[in-house]
Every structure is written in structure tokens, then in C-alpha cells.
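Here is the structure we will look at.
Which chain is which? They are A, B, C and D, in the order written, and residues in each are numbered from 1.
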Amino acid sequence: MIVLPLSHILIFSLVLFAIGVYGALVRRNIIGILISIELMLNAANINLIAFSKYTSLSPETGQIFALFVIAIAATAAAVGLAIVLALYRVRKTVQADEVNLLKW
Amino acid sequence: MIFGMGVFKGMMVTLKNFLTSYVCKPDNGGIFTVQYPEEREKVIENFRNFPFLVYDETPEKIRCVACGICERECPPKCIHIEMALDAAGKPTRKPAVFDVDYGLCMNCGMCEDVCPFDSIFMDHAFEVTAPEQSEGLVRHKERLMKSNEYFQKVRPTLASAIDQKRKASEDKKKAAAAQAPAPPPPSAGGPPAKQEPK
Amino acid sequence: MPILEIAAKFGTYAVMAVILIFALGVVTFRNLFHCALCLAAALIGTAVIYVVLQAEYLAAIQILLYVGAVVTLIIFAIMLTEHLAGKTARQNNSQSLLAIVGLLGFVTLLATLILKTPWPVTPTALQAKNSVMGLGKALMGTYVFPFEVISIILIAALIGTVVIAKKDAPEEPL
Amino acid sequence: MIRSWEFYVDMIFVTAKAWILSLLGRFLPDWIVVLASITISGVVILCLGPVIMMYLTLLERKVIGRIQNRYGPNRVGKWGLLQPIADGIKMFTKEDIVPANADKIVHLLAPIVIVVPALMIFLVVPFGERMTAVNLNIGLLFFIAVSSVTILPIFMGSWASRNKYSLLGGMRTAAQMISYEIPMTLAVVPAIMMSQSLSTNTIVLAQTGDFDLHWFIFTPWGIVGFIIFFLCATAECNRPPFDLPEAESELVAGFHTEYSGMKFALFYMAEYMNAFTLCGIAATLFLGGWQGPFLPSWLWFFGKTFLLICVMIWFRGTFPRFRVDHLMGFAWKFLLPLTLINILLTALWQFTSNLTAWLWSILILGISLWILVKLNRTFVPEKRHYPLES
């Protein structure tokens, strides 16, 4: 197995997470925000697996939580995109700052 | 009736076709493709494609008299005829130019029908190629002229009928000439006999 | 074979760099379709990192679910909402600079923390082989309750998605 | 140790590779030998893929021709054996046309990316005894995951072309491939359950028995799983009758309408290599892979695979194209419940594998098939009466 220092992996996932946060903060398009959230979840997954690999927990734990995260991410994407489609059908826009009325 | 049997029925049909294409004769399920350049289907006698000019023994004795009837009757106007002139500038009743544009010709056979001198007939040639479209497909007199033997070979029934008719009219003319020799016939060709193309 | 190991190590760093570049692409491209493609590339790269961390099963699941399903869903949504050949509108709001500054602070803070923490890395855990079978046993044994909860969430999400995205029935002609 | 000549015929490729490696190992360091081993396997696969694709096109054209009472291509070389090379030269010399409004980079990337998963699946296909390129312990999952990536380049190509036919074709492809991936994955599950492994090699080894004929297809769940897997595989590589994505009659050529020359050839190549690998995996999972009496193992594998490919071609020669709603309904309302019932049958077989289990399986299958057919019967809407008509 290739031994990388744990801290390198953690910093990598931190940067990935920060990029995701940047996207989620800055994007106007709701789909763009969703994509950025997927990046953030991904960075969290890397952390989970790295921790369970490197520390003395049983190696399955982190992987199973990563599995759950992937499943939740898939549902989030599906539901979120369904909402986006419904929104687009009604308002003809997918820009987040144009739907700030919380109603239609 | 089991669900999905139609699927298997269809597959059996194609399987049968696949297998019979290897073992069977063309007329009961085999391959009936003709591998063209190597294998050729026999061209039937009444096949007609592109006109040609008939001469009798030598190319000088061409039957055509350049009357221009076919040129007039041709629906796509693909025939072009110019009569030859002798040294004195008198028409000689021979074609100097006889062009058929195969690119225009639509193989109707009208020229064959209207020709009163049994001169132009439809050919069996179908492998006509040219490197270029407009000029290359124009056939001049030299290439259009084919002997009576060739005509006998490709369309024997019609050719022998025409020969008999021409012989009969020749005989009749000779007999007429023997009876009344005084007025010489003005033309080399016989009197235009109404011909039956079939 | 030290040469191969060193090569693999630097390969891993290279993969990480590529992932970060693609992630930057995800948040900066104007064209959302390109963003989605970059996301797919970043996710595939993450799967490679999983393989390096000896989580092959997770890597395959990652590709299967993320690239095969989530990215496809996103592209579907992009195709259904974007105007295909039209000009792309301004994609970022005015918080860009603020976000960069804040996130730089966040990253430096956490990075120093990560570097200063003595991580309890155990050599035994590094040697431990985890098999797909062990994963399945854990999923069906220790973690069976969250597993069932996830399945209920999935069902709920399925039904909810259909209900939300369904077009309203056309009104009956009078 | 003296072994029979059959062993050496069986192991001919493995021994050849080992011989080359030992030759290299005499005067080169270890790590070069490892790299050389990887390179040999990779080069073999990289050559095998295109060659198989070329000759599959020839085989397909020949067989389809015979089904339609024609000779196939028979001009270039003996029996048209050089036809694929002529086609390849033609493809190389064609003009590469890129639409003016196209997304140039993505348009270029799509055909390149689509070949990658098609080639990667070759890694886990066991071509014979000890002839798997990489014996992954998650081989089957790797195959499913990688084959699901194929959707992405199709999307790229369809979107980058800026053509409505391409876009429609791409959307259809995505819908179809996602829908058929689910029953395909579930149809694989029984084989995993019985062999208790995701590795393709172990799945093949689980099918050993008397005369090496202890294949999974000779069990009730094996037959059902095989048929479902094969149908889904046909749909996955967009072959008729599931070729909605490139339905010529409605979509010109679907997602590769705007591609020409070598780019088009790459799409074509990916499709055929996918067909080959999917047939190979089907043979591995249910037809015993390289197991079989008397003949060498690789011959058994290629024989079974080509048999399955011939069946695919046979499908193409027989069936007209599905309608879109029928296609989706078939996957979701018929194949998916059937795979779930099939998993139930596998569990039954795990406990009692005898005649009683056979009878029970047939009973359950018959009842569930009957119910599914009844539930799936075509719904004929009531004729609407509009007030203006009367």
C-alpha cells in the first residue's frame, strides 16, 4: 500500500471542501450550487475513509458511513433537481437570487 | 398461447432464412444475388437500351438517309443529324453527322418505331460509361454504326423479320423495274414502306 | 521495489492536483455543462484516491453512483433548464471576493490545526486488509439500523421526486 | 512435473508471457519487469479490442446478409476478410467535420472518452484459465461501474454537437442506459450470491463440476438471470431492437449525427467492444466462462462469447425497433420485478438444490410471469367524446 501522511490527505480534502463551499456561496444558478454541494460531500467522504484507514477503528466503519453519504447525496441530487425542474416550470428561471420570495 | 412465443417464431423465421441461404437453390429460399461482373443474367431478347444505326455489308452502305424523322420525333431531343453534301453541294442522302446523346436518351424506342428505312434500332448495351457527363456520353456516327450481323445476334427475331421484309420489297422493286424499265428510280432506297416494328 | 512505490506516491499527488484543478473548474466555468463534466472528472479522481486508500468497493460505488447516476441527473437538469445555444448569463453573484477571503482564512486555520495535531495513526490499522465481505457483514450486522433508515429515506425521496417533478394533470375540458 | 499436452495448449499464452518476463528478468531490475508485465497485458488488450471490433463488424454484416438472403461483403480479400481494413482506411481518410457552432473541445473529447471505459472493461474479463488481466476482488462491480460511465461521453457528444437530433439521441441514451443498468445489476446478484465473490475469476471457479459443466445456466435462477442479463446487455450497448438512441428513422443517427471520419469510427468501435465485453461477462457469469470439457479454456471462452454475439446479431436481423415508452416500461415494469423474484429463487436454491427446488422455482416463476403479464397488458384508453362532435 502507498503510505501518504494522513495530514496530506486531510489538507487535500480540506481544500476540496473549501472549493465546494466557494461554489455554493458564489453561484447564482441552483444547479451550480447543487454541484458544489456534491463536491463538499465528496471531500467529507475522503476524510471518512482516510480516518478509518489510518486510525485504529475497524476499517469498515468509515467506508460504511461513506456509503451512506453517497446514498444521501444521490437522494439530495434527485430531490433537489426535481425541485429545480418544478421551479423552472413555474418561474422560467433557475437563478437563486431571483427566487427569493419563498413563494410563487 | 404462451407469452412471448411470437418472439421465438420471428427468430425461427430468420434462422431458417440464414440456414437456407447456405444450402438451398435460389428459387426455394437460397441467395438469388447475381455477382454482377463475374456472373451475368442472360439479357432477354426484347430488352431495349439506347439506339444504334444498322448498316448492311460495309459501313458505307448505311441504311440511314438522314431524313430527320427520328430527330423530330425524339421526345428528349437527343438526336442530332446533318445530311452529307457532295462536292457540288448537293445533298447525298447520307448522314454526315449522326449524334445521339446517351445522357439525354430515355430509351423510349420512339426512333425505332418511326424510322421508315429500318435504320435505327434499340441496342442491348447497358454498360455505358464515360469519364465526363456532357461530351463523354454523346455517341457519334462511327460508334453508333453496327453491322446487320450484330443486329441479327442481339435481336434475331426482329432482325430476320426486317430482313425478310426488305428482301420482299427489293424483289417487288426489281419486278417493277423489270416490268417498266423506262423511268429510272430517283432514289437509291426503296419506296418508304410502312413498317411494322414487331 | 522502492522506485515503483515512489512513482505511485507521486502519482497520487498528481491525481490530487488534477482533482483540485477540476474542482476549481467546477466552481469557475460559466457554462454549466462544462461544470458538470469537471465534476465527473473530479469524482473519478476521487475514486482513484479511494483505491489508494484501499477502499476499492467504495471507489466502484463512487463511479457507479456519482458518475453514472448523479452527474447524469445533473446533466439532465441542465439540459432541461438551460437554453441550449443561448448566451450563458452571469453565473456568480457579488459575494465572490468576500467568499475567497473568508475561505482562505478557514483553510489556513484548519490546515495549521491539521498539521499540528498528532494523529493517532496505528501501523496495525494500516496493515489491516478490509474485504468486501467484511463490509457486507458490518452493513448487515452492526449498521443494519442506519441501513434500513437509508432505505426508507430512499423510498421517500423516490416518491417525493416523482410527485414534485410530475406535471400537473391537464384540466379537463369543460 | 510432467503435464499433459492439453495443459500446455491451455496455458500457451500464459507460458509465453512468463517466458518473456523471465527473459527480461535476467538482465533488468525487478521494477522494469513489473512494468513490462503491465505493458504486455495492456498492449494485448489494446490490440485485441480494435481487432475484435473490426471483425465483429464483418461478422455482423455477413450474418445479417445471410439472414436477408444476400452475400455479405465478399469483395475485399477472400470471403471479404480484408473488408474491415478497407473500412478503416476509408474512415481515416474521411474529412473530419465539426459543426460551426459546436463546443469544439467537448466535441473532440467525447469519442476519445467513450473508448476508455470500453477498453477498461477488458481488464476484468477472464479470457481463460489464469488469463484475467487484473484479478480484482471487486471485478464485477468494476465492470458495472465502468460500463455506467459510458453515458457520460454520449452526453458530451450529443450536447457538444448543437444538433437537435444529437440532443434527443443523447437524452434517450441516458434514459435507456440508466433504466437498463438497474435490472442488469440485479440480474448479476444471484451469481454473486452463489459464488460469494465479486471477482470474475472466482465466479468462474464456482462453476466447476463434473465435466466442467456445472454452469449457472443449468439452474432455474441461472436461466432467468441469464436471459435478463443478456437482454439488458443488448440494451446497454444500444443494439437493435433497443437502438432507440440512434434510431435512423427518427433521429438520423442519434448522438453521433454530427460525427464523421475517425471520430465516428471511435463511437462505432466503443459500441462493438462493449458488445463483446458484455457478451464475455454474460458467458463468465452464467455460461461457465472458460470452463468446459476437452477444449482449451480460451477456446471455450471465445466460443461462448461469439455464440452470444451471434445471438445479438440474430436479434438485430429479426426484431423491429421498440417504441420509447415500451422500452422504458419493459425495463421498469417487467425486468425489474422479475430480477427481484429471481433473487428470491436464488435464496431458495441456496438451501435446497434438487428437483423440488426446480419445481418450486418453476411454479413461482410461472405465477409471477403470469401476474406480470397481466399487470403489463396494454391499457386501451376509453374513446373520448367531445361535446362539439355530437
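To be clear about the criterion, a residue touches a chain if its C-beta (ideal position, glycine included) is under 8 Å from a C-beta of that chain, and two chains touch if they have at least 3 such contacts.
All of these numbers come straight from a predicted model, not from anything done at the bench.
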Far-end chain from chain B, centres as C-alpha averages
A
So the centre of each chain is just the mean of its C-alpha atoms; given that, what is the distance between chain A and chain C in Å?
6
Chain A and chain B have mean C-alpha positions lying a whole-number Å distance apart equal to 81
CA centre of chain A versus CA centre of chain D: separation in Å?
33
Whole-angstrom distance, CA centroid of chain B to CA centroid of chain D, is 57
Would you mind listing the residues of chain B that make contact with two or more other chains?
none
Which parts of chain A, given as residue numbers and ranges, touch two or more other chains?
none
Which chain C residues sit where two or more other chains touch them?
57, 61-62, 69, 76
Can you tell me, using the touch rule above, whether these chains form a line, ring, star, complete graph or other shape?
line
For the chain D and chain B complex, residues of the former touching the latter:
63, 66-71, 314-315, 317-319, 369, 373
Could you please specify the touching residues of chain A with respect to chain C in the complex?
1-4, 6-12, 14-16, 18-23, 25-29, 31-32, 34-36, 38-39, 42, 45-46, 49-50, 53-61, 63-64, 66-68, 70-75, 77-79, 81-86, 88-89, 94-95, 97
Spell out the part of chain B that touches chain D in their complex, as residue ranges.
3, 7, 10-11, 13-15, 17-18, 21-22, 29-33, 35
Mind pulling up the chain D residues that touch chain C in the complex?
29-31, 34-35, 101, 103, 106, 136-138, 141-142, 144-146, 148-149, 151-152, 155-156, 159, 162, 167, 171, 174, 178, 181, 196, 198, 386
Quick check: in the complex, which residue numbers of chain C touch chain D?
1, 3-4, 31, 33-34, 37, 40, 44, 56-57, 59-64, 67-69, 71-72, 75-76, 79, 84-85, 131-133, 173
